[in-house]
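For reference, chains read A, B, C and D in written order, and residue numbers begin at 1 within each chain.
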Amino acid sequence: MKKRYQETLEEIAKELEGVEKQGEVPSYIPELAKVDPSKFGMYLKTLEGEEYEIGDSREKFSIQSISKVLSLSMAISLIGNEVWKRVGVEPSGNPFNSIVQLEYEHGIPRNPFINAGAIVVADILVSQLQDPEAEFLEYVRGLSKNADINYNHSVSKSEKEVGYMNASLAYMMKEKGNLNNSVERVLDFYYLQCSLEMTCAELAEAFRDFGDTGDPFGHGPFTLTSSEARRVNALMLTCGFYDESGEFAFEVGLPGKSGVGGAIVALYPEKYCVSVWSPPLNKKGNSEKGMKALELLTTKIEGSIF
Amino acid sequence: MKKRYQETLEEIAKELEGVEKQGEVPSYIPELAKVDPSKFGMYLKTLEGEEYEIGDSREKFSIQSISKVLSLSMAISLIGNEVWKRVGVEPSGNPFNSIVQLEYEHGIPRNPFINAGAIVVADILVSQLQDPEAEFLEYVRGLSKNADINYNHSVSKSEKEVGYMNASLAYMMKEKGNLNNSVERVLDFYYLQCSLEMTCAELAEAFRDFGDTGDPFGHGPFTLTSSEARRVNALMLTCGFYDESGEFAFEVGLPGKSGVGGAIVALYPEKYCVSVWSPPLNKKGNSEKGMKALELLTTKIEGSIF
Amino acid sequence: MKKRYQETLEEIAKELEGVEKQGEVPSYIPELAKVDPSKFGMYLKTLEGEEYEIGDSREKFSIQSISKVLSLSMAISLIGNEVWKRVGVEPSGNPFNSIVQLEYEHGIPRNPFINAGAIVVADILVSQLQDPEAEFLEYVRGLSKNADINYNHSVSKSEKEVGYMNASLAYMMKEKGNLNNSVERVLDFYYLQCSLEMTCAELAEAFRDFGDTGDPFGHGPFTLTSSEARRVNALMLTCGFYDESGEFAFEVGLPGKSGVGGAIVALYPEKYCVSVWSPPLNKKGNSEKGMKALELLTTKIEGSIF
Amino acid sequence: MKKRYQETLEEIAKELEGVEKQGEVPSYIPELAKVDPSKFGMYLKTLEGEEYEIGDSREKFSIQSISKVLSLSMAISLIGNEVWKRVGVEPSGNPFNSIVQLEYEHGIPRNPFINAGAIVVADILVSQLQDPEAEFLEYVRGLSKNADINYNHSVSKSEKEVGYMNASLAYMMKEKGNLNNSVERVLDFYYLQCSLEMTCAELAEAFRDFGDTGDPFGHGPFTLTSSEARRVNALMLTCGFYDESGEFAFEVGLPGKSGVGGAIVALYPEKYCVSVWSPPLNKKGNSEKGMKALELLTTKIEGSIF
C-alpha cells in the first residue's frame, strides 16, 4: 500500500508538469504575488500514520481561507449549535449573489466558508476568547503538533488595506445586527487568521483528525465530538470551494477546503488526509494544479467517498 | 446485523409517531392532496440483498422529483458529458434566486435537480428517444426489476394545469436557447415522468445500484460507468433537497433525493439503499417525517459517509 | 411661429442625415427587419391645430410599445384607480431586473409600460370588453380621427411565435395570481395591440389630447379626466423609454413613449404633440435618430417642460 | 393671485391637521428623534419674489438628503459632464436592489440622489475643493442669500456612528474603483453635508433659481447653465423621492427633493418654488404630511407641469 500511494503521487506530479502555467497567481496582494508559481508540493498521511509526499511539501505558504475550517471548529467547540443561529449550512450559489443573499437573508451568511460567514465566525471568537490572536494560534499549533507556525503580519496588513469588499460585507452584517464587535476589530482578527503560514505536511496533520471519527477532534479545551467533526466534513464537501464546490464533489468526491494561497486540503474519512500546494489559481479562485492533482488521486486510487 | 437494521427501523417508527402532523400535505395538486397524511413506510436493502421494512413500504405513491435522478441517468447514458454543457453541477442557493440565476446565467440551470434543470434533461430525452414516454417507463421498470410501475395520467394532467412557474422557467430557457423542443412537448413529458407511482421497496431497488460502485449502473442499453454513477451520487448529496441540501448533508450525510409526494430515497455507497415515505412536507418542501427518519437512521447506525 | 417650427424640423432632418446608420433595425421579427432603415419622418401638431411635418410623416409603421399608452388609457377609463392595484407607477430600474422584481414584488409589475405591466393591462381589457380586439381598434381610430388604422396580423403572429420572454413573464404573473384570463388569450390580444400600424401624423393626432389639460381625453365612452390624463403624462416621462427613461427626461425633458418599430411620440402639455420615426434602434431599444431628433427639437425651441 | 396662494396654504394646513400622526419620526438618529412631530411649516416664493408662508416656516431643521441636489449642482459646476461618467441619471428601482445594482453595474450608482450616488458626488467635491466643508457651506449660504446657515456637527457625528449601510455601499464602490478618496474622508464630508440646518424659507430661496431658466444658476464661481439647471430639475422629478419618485411625479407632478428630516422642496419652473416641513415619515421615508400638502397644492392651483 505504501508503495502504491507514493507511486501515485509521483505519477500525478509527472502528469501535471506545466499545468500551473494555465492559472494565475493572484496579483492583488503584493506578498502573495511574489510567490514562485512553479512551486508544487503534495503530502498524504493515512489514519495509521504513514506519510507520503512529493515536491515542496515542507515549504511554508499562506493558508488563507483554509483557516476558516479551523476557526469554525474552534467556534463550535466554544458555543456549539449557537453558531448555526448566525450562519447557515447551505451552499452559497454563485459569487455574484453573495451580497444580495446577505441583504435578502437579513445578514445571515449562507455558510461559514464564504467570506461573510468566516467574518461572523471571527466575530464569535473575538467575543468568546480573551486573546483571540494568541489563542487561535495556540489552537492551530496544537492541532498540527507543531510550535513553528506563525501569522504573517505583513500579509495580513496588505490584505486588509485592499479588503474593500470584505469591509462592505462586514458593514452590511453590522447593519443587520449580525456582528457584535466593531468591524475594525473583527477584520483585524480575520485577516491575521488568514495569514497563517503552514506547510503541506502541517496542514494535513492539522486536518487529519477530522477524518478519525472514532475520536473527539481538537486541542486542549477546544474539542469537537465525532458527530460535530463529521458535520464539518459535510460542510467542506458542500461549501469548501466557493462556487466550484459542486464541481469538486462531482469530480473529486472528498470533503476539502481551498485557499487563494494555492493550497487545498482534503480528507477521506477513516482513511487519509491529503494536501496539495500550487500557487496559480483557476477562474473560480482555486489552485488549478491542486484541483487536478486531487482529481487524479481519487481516480487512480478509487478514493471518492461516493 | 439483520436484527440491528430491523430493530432500528422499528425504533425510528416509534420515535416519530405523530411527527407527520407538523407538516402539510401539498394542496396545489388535488390528486396529491387526497393522500392519507398518516401513511408511513420505510424500506432498506443492503448491497448483499437483505431487506428490512416497516409500515406502508409496499404502497404506491407519486415519486415526483425523485424521477429527476432517473431521467438524468438515462440522459447521461445517451449523451455522456454533453449533458453538462446544458446544465451545471452546482447547488442552487435559495429558491428566491432560481429564475434570477437562470436569467443571469444565460438559461443554464445550476443543476439537474432543480425544476429548470430537470426540464432541460427532459428536453434531452425528448430529442434523443423515439418514444420518450414508453422508453423512460421501460427503463425505470428495468431498474426496479418490476413491470408493475406506471404513470398516473390524472396527476400529470392536474400538475400541468397549474404549473405556471415551470412554464415561466421553460419559456425563459427557450428564450435563452436552452430548449430544443417546444415548451409544450417538453412539459408534457416532464409532468408524466414526475407522475410515476412506486412503492418504497421499488424505489430502493431502483436506486440500489448507484451504490454498487463495482458494477455499471443501468438497464438495457442505458448504462452508466461506475465513475458516472458516483458523480450522480455526489450530485444527490450536494443538490438533492432543494435549498435544504446542505442541511441534509449536514444532518444525515448521505446522497439522496426527495419528492413532494413525501418520499425520500438515500444510499450509503457499498452498503445499502433506503427509502422512506410520509406525505406531510416541511417548509422547504421535503417530507417532514422522512427527513427525521433518516437523521435517526444515520445517528443510530453511525451511517454518515463523512 | 409657424415658420419657426417648420424651419426647426428641416434643420433637424439635415443635421441628422446619416445617424440612422449607427443603430440597428431589430432582426428578431422578420416583418420588422424588412423595413427600410433610411426611412425618416417627423410631424408636429400644436394644440391650436397647426401642422408641421417632414420626410416620411405619412407612411405607416408598426407602433409596437407605443400602443401601451393607449391600452392603459382605455383601462383607466374602464376601471379607474383599480388599475393601480395590479400595476405600479414606479420606474423599473434596469432590464436585468425585470423578472427579479416581478418575482420579488409578487407579480405586480413596476409600471404599465414595461412588457409585464402592459400584459396586465391587456388582461384588464380582455376581462372588461366584449370584443377587446374590435373595441380597442375602434378606440384608437376614434382618438386619431381616422378609420384607416388596422392591425397587422402577420406581424402579430410572428412576434408571438418568438415571444418566449413575454410568455415567461406572463406565466410568472399567472403563478402569482395577477392574470385573470389564460396566458394564451391575453398574449393574443397583447401582440395584436402592438401590431397596430399608424403614420407619424396619426400618432401625433392620437396623443395630442393628452396635452390638452382643459378637456377630457378619449373617445366614445372611454374618457379620462384632465387629472387622469396628466398622470398618464407623468408616467410617460418617468417610464416611457425602458431603462433610458431617465436619460430621455434628462436630455429631452418631455413625456413620451417609444416603440421598437422606431417611432417615438412626445408632447409638451398645452403646446404641441410631436412624433418621429426612424427604424434603427440604439442599444436600449429606442430609435437612435428619433431620440436625437427630439433632443435637438427641445434644444432649438427651448421646449423642455423643466 | 397673492391672495390665492396664501388662501391655498391655509386650506392645506387646515385639511391636514392631524395627518402627521400617521407617520413616524425616524428613531435611528437620536438628534432627529427629538424633534417635535407636530411641527409643520410651508413656504412658497414666486419667481417674481412674492412670499407666502404658514406655520413653522422660519424654524431650522436638518435638510438631510435635500443637500444632495446642492452638492450635485456644485459638482456639475466644477467638472460638468464628467459627473455622468461616475453616476447615472436613471431611477433606481426599489431599495432592495440598491446594493445589487451597484455590484451588477460595476460600482456606478444609478443616480446622484440615492445614497451611493451622493457619496460619489461627495468624493468629487473632496477631490476638487481645497476645503470642501467650508466651500460647500459658503456655496449654500450664497444660494440662500443667508449667512446664518450651519452644519450640525452633533447630528453628523451620530449619523456616522450608525451609518453601517452607507459604509457598506462606500466600500463596495471603493472596491469597484469609483471612489478616489478614502471611505473615511468621503463619509466625513457626506454626513456633514447632510447635517445642514435650514428653514423652509431658506430652502425655497436656495432652490428658486433652478426654476428660473433664463438665468444661470449658482453662486460665485459655481454656476450652472440654464440647460444644466433644467437637467437637475428633470433628475429631481425622476429620482427625487427614493422609490416613491414615480408616485410623486404621478400624484404631484413637480420636480422636488425630500429628506428624512421631514422636509420637501419642489418647484414649478418659471412659476414658483415651495417647501414644506413635517417630521413624521411615511413607509418610503418621505414626509407623510409634506407629500399630502404638495398633492393638495397642485390639485388646488392646477400646478402640475404635465
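By our rule, a residue touches a chain if its C-beta (ideal position, glycine included) is under 8 Å from a C-beta of that chain, and two chains touch if they have at least 3 such contacts.
This structure is a prediction, so every number in the text was calculated from the model and none was measured.
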Shared interface partners, meaning chains that touch chain A and chain B: none
Chain separated most widely from chain A, comparing mean CA positions: C
Centroid distance [mean C-alpha coordinates] between chain D and chain C, Å: 32
Distance from the mean Cα position of chain D to that of chain B, given in whole angstrom: 56
Chain A and chain D, separation of their C-alpha mean positions in angstrom: 48
Residues of chain C whose C-beta touches two or more other chains: 96, 104
Contact pairs between chains, per stated definition: A-B, A-D, B-C, C-D
Partner chain D, residues of chain A touching it in the complex: 96, 99-100, 103-104, 164-165, 167-172, 174-175, 183
Complex interface listing, chain A residues touching chain B: 88-94, 96-97, 100-101, 104-105, 110-111, 213, 227, 230-231, 233-235, 237-239, 243-247, 249-251, 253, 255, 269, 299, 302, 304-306
